[in-house]
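Before we start, here is the structure in question, set down as structure tokens.
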Amino acid sequence: MELTLAQLAGQLGVELRGDGEVRVSAAAPLQSAHTGTLSFLANPRYRRHLKTTQASAVVLAEQDAGDSPVPVLVSDNPYACYARAVALLYPQETVSAGIHASAMVHPEANIDATARVDAGAVVAAGVQIGPAVQIGPGCVVGEGVVIGQDSRLVASVTVLAGAQIGRRVILHPGVVIGSDGFGMALDKGAWLKVPQLGSVQIGDDVDIGANTTVDRGALQDTVIEAGVKIDNQVQVGHNVFIGAHTAIAGCVGISGSTRIGRHCTLAGGVGLVGHVEIADNVHITAMSMVTRSIHEAGTYSAGTPLTKNTLWRRNAVRIKQLDTLARRVSDLENKL
Amino acid sequence: MELTLAQLAGQLGVELRGDGEVRVSAAAPLQSAHTGTLSFLANPRYRRHLKTTQASAVVLAEQDAGDSPVPVLVSDNPYACYARAVALLYPQETVSAGIHASAMVHPEANIDATARVDAGAVVAAGVQIGPAVQIGPGCVVGEGVVIGQDSRLVASVTVLAGAQIGRRVILHPGVVIGSDGFGMALDKGAWLKVPQLGSVQIGDDVDIGANTTVDRGALQDTVIEAGVKIDNQVQVGHNVFIGAHTAIAGCVGISGSTRIGRHCTLAGGVGLVGHVEIADNVHITAMSMVTRSIHEAGTYSAGTPLTKNTLWRRNAVRIKQLDTLARRVSDLENKL
Amino acid sequence: MELTLAQLAGQLGVELRGDGEVRVSAAAPLQSAHTGTLSFLANPRYRRHLKTTQASAVVLAEQDAGDSPVPVLVSDNPYACYARAVALLYPQETVSAGIHASAMVHPEANIDATARVDAGAVVAAGVQIGPAVQIGPGCVVGEGVVIGQDSRLVASVTVLAGAQIGRRVILHPGVVIGSDGFGMALDKGAWLKVPQLGSVQIGDDVDIGANTTVDRGALQDTVIEAGVKIDNQVQVGHNVFIGAHTAIAGCVGISGSTRIGRHCTLAGGVGLVGHVEIADNVHITAMSMVTRSIHEAGTYSAGTPLTKNTLWRRNAVRIKQLDTLARRVSDLENKL
């Protein structure tokens, strides 16, 4: 959609510096923008591209506004402002409601007249699908699942019996909600399956990335609070609790019964053992292993730095000897 | 199902301490149990909840039995006993046999009359499906696959041509069995695909978690022995062998031609390089990297502990210098 | 297919040492080969099996040829030669063209008459499917997707709107192409979704393993160049660029906007943070974390070696104290 900068600034509620009659109809990165596009600067890594941008306008923080060769939308949060501007420039197409002829919907499912169920989707008995929900092609929705207004199962999503999905939730392709947790008792050398009787509760405004899995609880429910954002290929074990507005990047693994606070961030590849508690506002850097509860807000890390393989081999041997080395240093100190 | 404690104790073959007429019909954790529920104590982390539990009965080990405020089922393995009790309290619903009208079953597939094939499932030619097998909605079963009695493909499972699945196997949603292994030869700078001619053999009583992948063998088969339990998002490479009753937690990656013994446990996020052998009764702790064969039973670990990010940054620099540091210590020792 | 060694050598363009009339019709590993099979030696780990092999012929490098008890196909690249030989011995079955009666193909999709669309597949409007393409059972192909000649979506693959797939591409089951990238702006404590407007471009001869995910770009496209091979359960973030002929093993995670050169290899479980650049011919060993750009070709590593758990516990404590230890060593040096 084409908008003037004056219209954009008005709708976004931000200050415009420059010609309000200039028109934009698309978004582009600073370095490849051209006439008619809106750009933004949020990551300082890309600041060098500002001076030479061909964009028709840029969303900037106050301190960068003076460096722009083109009109500026001034925001104290340029990235969020840009996100809103893009939502205005690219309004989501309204999809038509209705159930595709090839969808397999159980007669006892309750589907709002404004919802859409796409080709090849399977919807079981007792399902409740709210207004404007989209069930994409190839999705499977199990018995008694409840899906709130405006939520979207993009395609090839599997939600098993009893899960409760809030409003405005997005489940990307390959997501599995409500699979059995990994509960087993060792019995004379063999593993005995422990029936998984809980379910999954997903709050409003949760996004769950492609091929992420969220297990049902063993006795009580696995809970993901409102506003949580989860990237692709994340594993959420049974009875995990994830507090509101926590963001979890790709390939994270969260073991059973672990409790994560609100407003936390887990970077890519982080792993948490089971039965630990993470306080609110905790940030864990990439590929760290969390083996204990964290009671204090802050940023935590583990892992070893990348080096050339030849150096790594020499250092890795020393890691095995580290306790001995520390004792040798103590001996030296005692001798001196 | 409601049972008296006397009935439960009888069917489980364990000692009851307390009133045999008390009735239970559900299971619950110690801390949130209420009248009519059975609870258990297996993880010492939760012992503090025993004294105040509102459960009607608890499964306990002998040494904890005296601390219970309510009737006790005494077991030398409370978690396994509890698992069996739950299976009695929550008997699995028998699903009706038959092939859903929307299932796409090849006329040359051989499906037992007591099996069930759900909506939207695709079953290819030459498939053999045993008694009481369940093929859930959206599953794809390739040519010549054999699935043994009482096995269950929950939903959205893909089993490619030729795989052999034992009895009482559970494959959770998103599982892929028999995809091509990552076999490639480098030829003048480009990768040449090596045809993957083997298949996959899965023994009885194997569980495979959501979105886990098991590749077919290059020449011989990938083999998962009986009783193996695999969690979600695990990758099993071509020609891997996993010995009976080994348990593998989420996000583990096992590279090609690696051989894992029996009764092993791999914790979450463990990675094994290819062509190594792991003895029986080996336990690897979370997120460890295994680069060599392990010939001796025991527990093995790798990885660095989580600390505040500021401390980690200082230490990480030192890891790069560790070999130098060790040499400096040797120099000091020589000088002294 | 049965071939004489003379025929094989001729078609492969390699030297035969031994009886050209000997016939082979299958392939097998050295140690389990039998009459009528062709074997090979590429990994020195298996050299010990050469002397006693029961194969009818072996593909070997010049330096090993003298050790063979059976006829030899001599190649300076035995593994590539073997791969080609296997392709001759096991010619791919030609699958019949056509659209299965149960496939849900939009009338505005453009499907070449020589392509095949299997049972239960869903193909949206505006899709262009080239000659001899196979869309396997249960696949979902979104609006406007283009798939080049001879490509194959094995089964249960999801390709979302607008993705461009080259020729001879193989997408294994559970692959998701074009899911939204993990783009969010923090706005007063809540995460605001940033619309993901780019798409995905996949070059010719790319293989993508089971349950791997490739996100669409935020503004520009995510790009995978020709000849790239990706294993199972890999996560490729938005706007990632992967240069031609790079190979990526299982469970790798690549964060958004990271740029990987050509002819690189990433071993299993490697993780890369976002916005870094990796030069051509860089090799990263298993489970390493990459947090900075790499400008020089070579092999790089991170991680700690596996030890018995008791030793690891002692050493792990010392890692936390490493900076302090280094300072103590400096103090000692100053004192001496």
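As written, the chains take the letters A, B and C, and residue 1 is the first residue of each chain.
By our rule, a contact is a pair of C-beta atoms (placed from the backbone, for glycine too) under 8 Å apart; a residue touches a chain by one contact, two chains touch by 3 or more.
What you see is a predicted model; the values in this text were computed from it and never measured.
Copies subunit A and subunit C of the same chain sequence form an interface built mainly from non-equivalent positions, shared numbers / all numbers used being under half. Copies subunit B and subunit C of the same sequence differ by a rotation of 120 degrees once their CA atoms are superposed, given in steps of 5. Mean C-alpha position of subunit A lies 25 Å from that of subunit C.
Multi-chain contact residues of subunit A (touching two or more other chains) are listed as 120, 138, 156, 174, 211, 233, 251, 303-305, 307, 317, 319, 321-322, 325, 329, 332, 336. Residue ranges of subunit A in contact with subunit B, taken from their complex: 104, 120, 122, 124, 138, 140, 142, 156, 158, 160, 174, 176, 179-180, 182-187, 189-195, 197, 211, 213, 215, 219-220, 233, 235, 237, 251, 253, 255, 271, 273, 275, 284-285, 288-292, 294, 298-305, 307, 311, 314-315, 317-319, 321-322, 325, 328-329, 332, 335-336. Across the complex, subunit B meets subunit A through its residues 27-29, 32, 42-43, 45, 77, 79-80, 82-84, 86-87, 90, 100, 102, 118-120, 136-138, 154-156, 170, 172-174, 205, 207, 209-211, 227, 229, 231-233, 245, 247, 249-251, 263, 267-269, 286-287, 303-309, 312-313, 316-317, 319-323, 325-326, 329, 332-333, 336.
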